[in-house]
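The structure follows.
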Amino acid sequence: MFYHVKELQFNARVSAPDPKFAALLLEQFGGGNGELKAAMQYFVQAFAARKPYPEKYDLLMDIATEEFSHLEIVGATITMLLDGINGELKDAAEANPITSLNGNGAKESLIHEALTSPQFLVLSGGGPALTNSQGVPWSGAYVNANGDLTVDLRSDIAAESRAKIVYEYLLKFTDDPYVHETLRFLMTREIAHFQQFSAALDTIQPNFPPGVLQGDPRFTHAYFNMSNGADARGPWNEGQGPWGPGEEWEYIKEPYQHVVDTLGEIEHEPVGAKQTESEVKKLDKQLSKQRSSEVKSATKGKGSQWSSYPQEELPSPMGIEQK
Amino acid sequence: MFYHVKELQFNARVSAPDPKFAALLLEQFGGGNGELKAAMQYFVQAFAARKPYPEKYDLLMDIATEEFSHLEIVGATITMLLDGINGELKDAAEANPITSLNGNGAKESLIHEALTSPQFLVLSGGGPALTNSQGVPWSGAYVNANGDLTVDLRSDIAAESRAKIVYEYLLKFTDDPYVHETLRFLMTREIAHFQQFSAALDTIQPNFPPGVLQGDPRFTHAYFNMSNGADARGPWNEGQGPWGPGEEWEYIKEPYQHVVDTLGEIEHEPVGAKQTESEVKKLDKQLSKQRSSEVKSATKGKGSQWSSYPQEELPSPMGIEQK
Amino acid sequence: MFYHVKELQFNARVSAPDPKFAALLLEQFGGGNGELKAAMQYFVQAFAARKPYPEKYDLLMDIATEEFSHLEIVGATITMLLDGINGELKDAAEANPITSLNGNGAKESLIHEALTSPQFLVLSGGGPALTNSQGVPWSGAYVNANGDLTVDLRSDIAAESRAKIVYEYLLKFTDDPYVHETLRFLMTREIAHFQQFSAALDTIQPNFPPGVLQGDPRFTHAYFNMSNGADARGPWNEGQGPWGPGEEWEYIKEPYQHVVDTLGEIEHEPVGAKQTESEVKKLDKQLSKQRSSEVKSATKGKGSQWSSYPQEELPSPMGIEQK
Amino acid sequence: MFYHVKELQFNARVSAPDPKFAALLLEQFGGGNGELKAAMQYFVQAFAARKPYPEKYDLLMDIATEEFSHLEIVGATITMLLDGINGELKDAAEANPITSLNGNGAKESLIHEALTSPQFLVLSGGGPALTNSQGVPWSGAYVNANGDLTVDLRSDIAAESRAKIVYEYLLKFTDDPYVHETLRFLMTREIAHFQQFSAALDTIQPNFPPGVLQGDPRFTHAYFNMSNGADARGPWNEGQGPWGPGEEWEYIKEPYQHVVDTLGEIEHEPVGAKQTESEVKKLDKQLSKQRSSEVKSATKGKGSQWSSYPQEELPSPMGIEQK
Amino acid sequence: MFYHVKELQFNARVSAPDPKFAALLLEQFGGGNGELKAAMQYFVQAFAARKPYPEKYDLLMDIATEEFSHLEIVGATITMLLDGINGELKDAAEANPITSLNGNGAKESLIHEALTSPQFLVLSGGGPALTNSQGVPWSGAYVNANGDLTVDLRSDIAAESRAKIVYEYLLKFTDDPYVHETLRFLMTREIAHFQQFSAALDTIQPNFPPGVLQGDPRFTHAYFNMSNGADARGPWNEGQGPWGPGEEWEYIKEPYQHVVDTLGEIEHEPVGAKQTESEVKKLDKQLSKQRSSEVKSATKGKGSQWSSYPQEELPSPMGIEQK
Amino acid sequence: MFYHVKELQFNARVSAPDPKFAALLLEQFGGGNGELKAAMQYFVQAFAARKPYPEKYDLLMDIATEEFSHLEIVGATITMLLDGINGELKDAAEANPITSLNGNGAKESLIHEALTSPQFLVLSGGGPALTNSQGVPWSGAYVNANGDLTVDLRSDIAAESRAKIVYEYLLKFTDDPYVHETLRFLMTREIAHFQQFSAALDTIQPNFPPGVLQGDPRFTHAYFNMSNGADARGPWNEGQGPWGPGEEWEYIKEPYQHVVDTLGEIEHEPVGAKQTESEVKKLDKQLSKQRSSEVKSATKGKGSQWSSYPQEELPSPMGIEQK
């Protein structure tokens, strides 16, 4: 259950209305890397984590709830930046232009303004809209939740990275010290969450490769040089790179020839990897057993119940009889 | 700021997994009339209401927060209905089929099942997805917020009506008494919210027509009979209908002839309406003045601040100096 | 079957081209509250209504057809506001800028204009586009049709309210008296439709709650105060409010405590409501029987036929033998 | 203005309900190649054509109106195929399953059915939905209208081709002789429209290349062989092909070498084409002049008016004084 | 398999950054008629063509690959037009405005710029975005592939026509001679592809009507005059038009009366067409047999294999034993 | 420029058609974590990287090109799994059912099949479609490209993680050993790419926090415990966690009280962090200078040219004079 506290988590203030910056700031309200995306991503991921990994559930819900609180901060800031528009739109009987937008500019100029943020003037009536800075509605497709924490937490680290850079860019477009302060708080929290998710991922071992199955050792270490000209070499395609001791990249310089020679990679022998196919199979079984038992171990009762009242322990849901 | 309480608002339980009903139930998780739509609609509307109508802000945020809590109930129920899928997907090294889905059915049958709810098996890994029952991602376009409470509250009454009927339909597709109980709670709350929004709309007077401007009395009372054959007559196109005393519908039986005769309605005289054009203009001015002053009256200070700490009064935001 | 009359329902005129306002006006052509949305919503709803409620079918199709006619008026107005652009784009061999857009302004300025309404210049070639004012394509998701008139008509009342306020806002952004006149006609018609739908809803009794089922009396009258701070009280959460005599709101001031105390609302007793559970069940059965028989009563023949030729009675479709 | 005739253009009938085929048939109701797409495409194109090419406007509006009439036929057929569902959903108090869907099958089987067409059961309540056969909402992005008839008519010929093949495919999935008859009518009309658009395109000369500008003769006749292995040769890359006498394809067998040799095609000399650059420029100017004057020639008066009352001549809009 | 060559197919250059034109040019990067749409359309169509029509497969893949190469040219041009933005965004510690955008203009003016192309400043950080010129993300719904070459090639001819006109329009909005040169190359290639697809369609006989089935001769030649007023007549609705000798259009001047008289077209007799129903059936069977055998004839072995290594013949896939 | 090699990178084979698995496999063709998403993401990111980081450009383009090659493998596999459908659809004159779908099952059963993958039967005609497994069209919104490699590479690592888990899930739903072999190759390549992107990220120092700016030390180390009940503690909210020596998490157990006490975090003092505000500012300036000069350092000439011919060095674009 959620509860709403009327105080914002951060004391959002603005010096003066600025409808143009409000339009840019929509990117963090209803955009693909914005606060709603973050909130919904962690919230949706949390359901599958609740039973097997209640500690991660608690983490995901704490951060999801903070992101909802940030969404509120962004919406509040946009609303204050739009101050005056709604009041003038309500002055509907008057033919005179909306002065809050551009002082006493001509209507010509006014409409020009309107075109750069039409959502505020003809649609939302001076409040935020659930779109990005270009008017594209927020989409559930932004949310990544795949039922595996070694995957989900990496999606979250990437999501925090993108949210952080968008705040960094936005900071270049406002001079308002109050707004600057708010944006910097929000940007910083993305860094904190990045670290929280990294630490959580680190507690899951092994976490590479993501998911359960190992890769086929014939193909894990191969780099296909799919382009001509001068080729860049570095730890991503030569030497040991990120691999363990005794392992290294296989650099396939001429992919076409290689593909023909190996009959479409069927006859490609492992190069660079140390694991054998049978070791891989063994690891696959081992991790399958571990992870599936982590997920399955639970509920002894008949049916499921999500919470107890009060819910004073982390684990949940439990069998219905246990309530 | 939001706060998360681990207990669900309603004690959601399920008797046994049922992935098929889980798929249908997604309609209320990520569908166009579902809980997220409701939560986000009232949340987004609330921003513009906060300063001029703090009482309505409180109402909108209370119901928005309850809808977020319902979204959690729906997600928890879906997760319990999918119990077992994630565990078996994690058994990745095993070639044997996912028995939780269909007992010991053949793989053929298994894949068939998968096709009716592929999102749970190949994408979300056994958790909810932010889509409707057919896999269409939730969209910000579902949210209606137009910066005018006489409009927004009507959008909300309609939204509650649609959410209610979807729960009513869903109830036909589950026999699980626990799920039935949960859905009935959620359906009932839509009725409660319907009444809350109706009561709130009623406190705003006048609230018809929605917005500020009156209609042109030449066209408010006209019914254009745009089709041939037997015509239905009723209070929507004959007699007084919903109009005040002394007013009545004008029934235009032959729209083509009428349009030609009036040079495209330019020469259409008012029929049925009592208001004159000058009364309309007067009302327009009066209501414009009232509504725009309601919205504009506020903030004396320099700049705006959304909350005080603690926020112990309804009105907000206030001028920055007042903190 | 539809038929097209070359005369517009309203004599749309413009004083001079104005591509900027044309871009704003797209909101009513391809936007979520625009004319196409209205037309398609009533048209789609009409199918399910045809057999059980032929009078409402007639109403829905009359208004749908009028909305298509309004879509045409909006498209015609946009086209006239864009007058000149297509001709100059056709002057493709010339390097000189498109003067109709900005007199003799420099190309720099021209491109700037283009950026505020690029659809007209690089995509539609100076005609309307099926998008809203920000270029987002029209979506079938805007259409609400749920197979129940007590729901659908409420969706329609809300849709008309939104369309009305959008016209009200648009009127602030044009000085052209002809365009003003057209927009006012269109805005007024939304008011007329609002009243027509209200009157139609009123003829269906009972129409509250929407759909067939009553709410659970334990939860219909409860208001959950989901937020802290100063609480607003009013007819939406105290006293009788919109309820019948002897009924009143139950105000749950501390939802968390209440939820724990009632084991997740399971042990919540009805407060404020007068209906008992058994009365509710009786009403449910009664209305179920009435409504389902209204819908089922019909077609005696084998198979169905939509129209007779000529179709001189309201009821339809009929059994095939009846043709 | 549109007018609705209660008789369908084609006498749509069904032998018996068939919700599964109804779901497939949605492809022609709200799908990307369906009737609404066709109707809206021609309707939107018509606006830009009205003044310069009133004959083509008449053609586009006639076919658009017929496609709206076909949309109605498809919607009516879907509704009759769903007969019974709405009635049983209204039987909301009953726990018994929806027998119209699957005779007396168990609820298990019922829900399975529901999953293959959930829109009818939990969303639309047994009426059509504005989506394709997989539940994806109709999109304005399906509509192609680019303000040039040599382009638009080709978009229309392609659209009719796609609509035709979809009907051809659908015919494989129903045995109902009445539905078969209706689909064959609709499929045939797409062929008729294909021919109507072809004939109209043929009256515009020159119509190749589409638009106004000629191609650069260095690049019009070149075929880049962008793939290895055995190469197919045919009139699309060797000999005269579709070109005029004395012209032929230039086959660039080794694009990489060619690109390096010509410094990125900068030094590519024309091969195969007869036109010189100066002839091209001359043609460009000539056609620019012709087409832009066709479009610009018009309206002498001040302002524009879309229709006269009655509108008895094809040309329109005219100057406002001419009314 | 694809291979990347670092040299662009055309030597794309720009004289100076121009973020505004970059925003317009996005229409050809991520827009509905842009290079990605073309590339993906031909690529997707190619799969179904590979076995039955290997020559057409080769053509489709050659052009698809060229379109990917054009997408790269467009992206490179956009990137060079945005030169400087990314560098200044990286200067994140500085409060000073982004001078590359507007010289030394005030921040006020800077933000205004930002609003016309916010994607480059707050989202993509100065690189291209996969959206159209208005920020709408590219959609798979743009791609038409229907498994029938007489349909698909017509979709392709139309797609090339639209891409051509969009380049034609774009050429009006840049003065940069280098950019002009690049756009003219790209525009010209659309003409070349148009001719290649036309030639390919011509090698398939018969190719009218698209697909396999003939139309019903009662309805192929009918023109329904669905609108009032002065009617345009021309080869699309009178005389022989595009039909064969001895055939002609049937002009239905009064559709309503015709529909009633023929009981909804059921009793409509063929007018204008020469084919009889039995000839149609014979043709249907003949072409069905031919086309289905073309598609089915193949693979003798067990299972399928897409390529041989090396793949030196056109036909593919083959039975697995044949490798 | 791209070049197409007719041999697939991997020798894709199938034992027998399986339309159901083909439908699931669409998730990797046109789904949000599929091959097209990967290909387009790296391709779009590459443009901004080309000038400042040519080595990373080479890496991004190599992997993008390999992902296009994987998209082709997935499309080829889907096509072989659908073998037979197109041939039977072409048998359009026959009333007999499509036997390849379900042996000799009744048409009833056939249509049921059709409903689980309607796209293949009524839309794509037996070829792949650019949608996910539920028919939702691919969207440009899936692509994350933010113009900063410390962000983009993290988006790529997350994208590879999601693609890997989806292949892992898909492997549970096919018994075909050939398809299994192909999917395992594709899954393994995602692991290889994961390592390549990790190694590349590691060569950029510092890469934390992502982007240029440091966080505000008052807020980087704070964990807000936004939920009630038993709280999970771990390295993500207690002790040093992922921070450097001498640093640690600040655990805010009662966020509401904390927010009120600090006046909305304004008076929150740094806890746990070692960096001072002035060190942060210094680091911000330093990294700003470094990164912006990396990006800006380049092109000396007038204008830009993307490639030289031949392009034999990594750096590009260069000034036009250098060609």
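Residue numbering begins at 1 within each chain, and the chains themselves are lettered A, B, C, D, E and F in the order written.
We adopt the following convention: a contact is a pair of C-beta atoms (placed from the backbone, for glycine too) under 8 Å apart; a residue touches a chain by one contact, two chains touch by 3 or more.
The structure presented is a predicted model; accordingly, all values stated were derived computationally and were not measured.
Between subunit A and subunit F, the least number of touch steps comes to 1.
Contacts with subunit B and subunit D are shared by C, F. Greatest Cα centroid separation from subunit A: this falls to D. Computed centre separation for the pair subunit B/subunit F is 34 angstrom, with centres defined by C-alpha atoms.
A straight line joining the Cα centres of subunit A and subunit D is 38 Å long. Note on chain placement: the centre of subunit A and the centre of subunit B lie 26 Å apart, centres being C-alpha means.
A straight line joining the Cα centres of subunit B and subunit C is 12 Å long. Annotation for subunit D: residues 1-9, 11-12, 32-33, 61-62, 65, 69, 88-89, 92, 116, 123, 125, 131, 134-137, 139, 141, 146-148, 165-166, 168, 171, 211-213, 226-230, 255-256, 259-260, 263-264, 307, 309-311, 323 touch two or more other chains.
Under the contact rule defined at the top, the touching pairs of chains are A-B, A-C, A-E, A-F, B-C, B-D, B-F, C-D, C-E, D-E, D-F, E-F. Subunit E makes touch with subunit D in their complex at residues 5, 7-12, 32-33, 54-59, 61-63, 65-66, 69, 136, 139, 141-142, 144, 146-148, 150-151, 154-155, 157-162, 164-166, 168, 171, 184-185, 187-189, 191-192, 194-200, 202-203, 208-213, 215-216, 218-227, 229-232, 234-237, 241-243, 255-256, 259-260, 263-266, 310-314. Subunit B makes touch with subunit D in their complex at residues 20-21, 23-24, 27, 31-33, 116-117, 132-136, 165-166, 168-175, 226-230, 255-256, 259-260, 263-264.
By the touch rule above, subunit D contacts subunit B in their complex via residues 1-7, 88-89, 92, 95, 97-98, 107, 110-112, 114-116, 118-119, 121-123, 125, 131, 134-137, 307, 309-310, 323. Residues of subunit E touching subunit F in their complex: 1-9, 11-16, 30, 36, 40, 43-45, 47-48, 50, 52, 61-62, 64-65, 68-69, 72-73, 75-80, 83-84, 86-94, 123-131, 137-141, 143, 145-148, 178, 211-213, 281, 284-285, 287-289, 291-292, 294-296, 299, 302-311, 316-317, 320, 323.
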